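Pasting the structures in now, so scroll down.
There are two complexes below, and they share chain A, which is joined by chain B in the first and by chain C in the second.
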Partner chain A sequence: MITEITEKEYGALDHAAPKLIEFYSKTCGPCKMLSFVLKDINKHKPDFPIYIIDFDENRELKEQLGVKGFPTMLFFKDGKEISRLEGLKQKPAIIKAIDALL
Partner chain B sequence: MSNKIRFISQDHLITRQNQAEKEFLAAFAEKKPAFEQPLVVPNPYLINPLCALVMFSTKDAVAPTVTIHGKRYERENISHTFKAATDHFLPVLGLYEDFANKVTVSLPDGRSITLTINTEKLPADVCRCLNIQASLDYLQDNIMFLTPAGKNLPTAYDYKGDIRWLLTENTMFDIKRVANGNIITGSSRFCHMPYNATGLIEINLLGKIHKEFRLPGNYHHDHFEMEDGNLLALTQDFTRETVEDMCVLIDRNTGDILKTWDYRKVLPMDVGGSGSQDAHDWFHNNAVWYDKKTNSLTLSGRHQDAVINLDYETGDLNWVIGDPEGWPKELVDKYFFTPVGDLSKFDWQYEQHACVVCPDGDIMCFDNGQYRAKVKEKYIKNQDNFSRGVRYRIDTDKMEIEQVWQYGKERGQEFFSAYICNVEYYAEGHYMIHSGGIGRENGYASDSLGAFLDMEDPKNELRSITVEEKDGVVLYELETEGNFYRAEKLPLYHDGDNLVLGDGALLGSLEVTEEFDTVPDAEEVFELPSSFHNIFIEEDEDRFVFHGKFEKGTLVMLCLENEAESHNYFINTAAVIHLAMCSGAFLEKDDRDVKIHVSKKGLHGIFKIKLIINEKKYQTGVTICCP
Partner chain C sequence: MENTYDIVIVGAGPAGMTAAIYAIRANMKVLMLDRLSPGGQMVNTNEVENYTGAGKLSGAELAIKMFEHTQELGVEFDYKTVIDISNGGPLKTITCEEDDTVYKARAVILATGTVPRRLGVPGEDQWAASGISWCAICDGAQYRDKEVVVIGGGNSAVEESIYLAGICTKLTIVTMFDLTADPKACDLLRKMPNVTIYPYQEVLEFTGTDRLTGVRFKSTKEDATVRYVTCDGVFEYIGFQASSQAFAKLGIIDRTGCIQADSHMRTSVPGIFGAGDITVKHLRQIVTACSDGAVAANSAANYVESIK
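On to the complex of A and B.
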């Protein structure tokens, strides 16, 4: 399940649940590519929540989470950031980070 | 072929040189030219316009002498006597450009002929000598070879500053004469940004490539010939997240990798960072030196302001020369040195290059000095800074260090190079200090690296200054346009075979280029991409390079397809900030211009090249053959 959210909606998420938060930009080629990678992962893990957030329009949240660039993927569990991947990554690296949450 | 796509398929330079050699040898065999009417081939190996080959036969084996006449007077003549033979293939090196060069060939029996070999003017953008202080007495038959740090060319200057040697290929980084008299330097073949070439090339001064040593992790910065002829070369593993943190030993005959040193095993990557460090290029290894006495490797890491020493056999860390601020105490206590002697004259080195181990174990390097501090608050601006050659004496029992010589601090920003450069040890008190990375804006040392300066702005200038000092007296100083990575003083001729005939060889191997396993949805259209993208594909024997122009944020994927399989390569169009740019050879003026190298290793068959640009998959009309 891939859902686009804003920083306001981020506050309302179930923070205990494992999840992937991706910061992207519409002006970023690697982010566009990553969107296809995440769609592919979603086909294999349809129940795992993936949230995507526009880096440029949600600046408070990206400051709060220490996100410096895009694409950046944050992997959360029990309200804590367990790992992060910066830049475009292929499926195996992302699946490995997801599996570490489950 | 549409004018929207450019495509060149060309044999490797080695193959073209092999063919050229076969052609002039066939002409020689057919004509069997006599001494009085020799066959003269200008630029026989295609890439050195300031050389020629003179060929003739003699009935008896004799040792001919070639003399290249000086432009001004006899004392400037360069002469070399070759080994006795009946078939003679004599390299003529050091011709003047745009000049009717007089070349005399003489035989021991007193016969001689004088040829006139005309040369053309070198390209307008060749870097010229601006000032030179030198004498024939000092320089003798040596000339100063400079290797490029940008799109300039490898060039050598005589005692008057005249260019006497130049390659029209942009070979890069270190240049060293090896035991057999050949030169080893970096290949000009692009592989990965910012400046990684396929490998090393072994050439003679005619420009003939005897061997190209390809490396899967490519070559950058520096290499070193071992006593047995094998080569140490700096490289990396592109499957990792970090770069410029490995050294390999290459078999000189096969190109195989015999041994690897990985600095990630002995150094923390997140401490001691210089002002240019990032997580990707955490060490920035720019020099290697093997010391037989201690059986160790000394390595320079610009981005940790550190010169480190590793045990050759085990790869274990022996010591670190550098400012210890910011390093963990347990490492400082175990591996770092304490300064002794006249501390008023002592300075640590920062963002250094080109470490050298002197015969007595002293360590020299070029201390670029960029930032000249470990913490941001203390960084020194380039225009208040200095660069220098420095020599340290180290006591590895007491872990003490003393600065015993330096040259350059007194010259301040005028001699400042934020990057590149080298030093050479000739003898006690006799050194070369090459400050080849000078960049100025409005006359002040620039805050940008030379490769990034806009040279269309008349307020900007790039300079390279090479100094030689003996017993505290400067005996040589060369100032040129442009930035040059290293300087190496060499005579044009050597006592070995100045030309060995026979095919050059391509050794080692490139990597299997990483593919992308997700392919974006795209509608295939039977049209070429817009001419805006300026697509250019260069095919070589072992790889191809794709060039194109794309606005930032464009989704681009290169696709190789045939009926049985497809291979897909993501092309990054995002802005990339390079904190180091030791060679700008591959840097494009327009940052929308991108290129990607794809190795043919692992690919077999004939593939159509297609291109995904955002939501469409375009044709290119180009097919690539992978044997």
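On to the complex of A and C.
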């Protein structure tokens, strides 16, 4: 499932659960194309939570998580960042990072 | 056989997507593959102003429209990296990196485009992706109110410099020749107050310790003056090279790495066609890539009909 959240809603997430957080920008072409890839991954892994966050509207959280550009994908498990991918990445690389959480 | 197609299109940039549209409208069974996502290089283009009828829009917006067009027509698409194409007579065999899936096709259109060329100077590998970038609209935001250097003077360099100069305090352009982009864009860039242009320069190295701090370059004129500019980030736009390594054994690649195709986009191998930036051509634009795609699909469909 893909859900858009704000930095306020981020605080209320179940931080122990594996998840993918993607920072995107409305002005960013590669982010738009990554959304196609994430939708495709979601078709194959509908139960894995993917959260997307607007980089420009959630500056405190992106500072807190050390996100410098977009798109940036952070892979979390047990409240810890396990890995991150910056830029538009190939679908197998994203799936590999997700599988490492499960 | 489930994995047998009339036409497999490798690459989903403007050439590949247009080829897919024309091929499926010719009643072909079509599969389009791309290693990354639909759109190709145009996804990294901030603004497109010269695609007929589209007005001004971002490259990504145009890519999305093109991809949606292919999906409305029922083009099958998958995220796959093609690593080999074997020319086994009437059916070509297409092998992908991700899994053991093998596709068969009566005709193949190669439209994998290009990847950014790199300088190959000291410091480039060290700071790649953590100071040196090839995509201003992806990484430009982190240099807001900072100083950046752009390497290159062609269309991509100038267009992205205009974008960067709007968010950075200081922008320095270092280019091997003078600016060679569209005159209108060059004029706009030259008028921006925070832009300095150094033409006829050779980049010597990127410097830094714990982060990138500057660029050293030398004049290619007689004075051979060496300059050093401090910066927080560098964007390289020095052209592209064909993404054709996987097709080398077909014997259709020239010494520059591009595919040689005739006016029907046929290569020297029957049933293998080329389209878009990967082919030998003078003008690499979205509109010329689309034109190639249409021609290639028409030729491929005629070829498939001839061997069925």
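Points worth noting:
By our rule, the second predicted complex is superposed on the first by the 102 of 102 C-alpha atoms of A that agree within 3 Å, B and C clash if a C-alpha of one lies under 4 Å from a C-alpha of the other, contacts with A are read in each partner's own complex, and residues count from 1 in each chain.
What we mean here is this: contacts are C-beta pairs under 8 Å (C-beta built on N, C-alpha and C of every residue); 3 or more make two chains touch, one makes a residue touch a chain.
Computed from a predicted model, the values in this text were never measured in an experiment.
In the model built by aligning both structures on chain A, chain B clashes with chain C.
Judged by the touch definition given at the top, the superposed model places A:Pro46 against neither chain B nor chain C.
Using the contact criterion defined above for the overlaid structures, shared-chain residue A:Val37 touches chain B and also reaches chain C. Chain A is touched at more residues by one of its partners, and among chain B and chain C that partner is C. Judged by the touch definition given at the top, the superposed model places A:Lys26 against chain B, while chain C stays out of reach.
Legend: residue contacts after superposition of the two complexes on their common chain; A:Phe55 is shown touching chain C, with no touch to chain B.
Contacts of A:Lys68 after superposition: chain C is touched, whereas chain B is not reached. Of the residues of chain A, those at positions 25, 27-30, 32-33, 36-37, 40, 88, 90-91 touch chain B in one of the two structures and chain C in the other.
Contacts from chain A toward chain B in the complex involve residues 25-30, 32-33, 36-37, 40, 88, 90-91. Interface residues of chain A facing chain C in the complex, by the touch rule stated above, are 25, 27-30, 32-34, 36-37, 40, 55-56, 68-71, 86-92. Chain C makes touch with chain A in their complex at residues 35-39, 42-46, 58-61, 63-64, 67, 79, 81, 98, 129, 135, 137-139, 141-142. Only residues 516-521, 550, 552-557, 570-574, 614 of chain B touch chain A when the two sit together in their complex.
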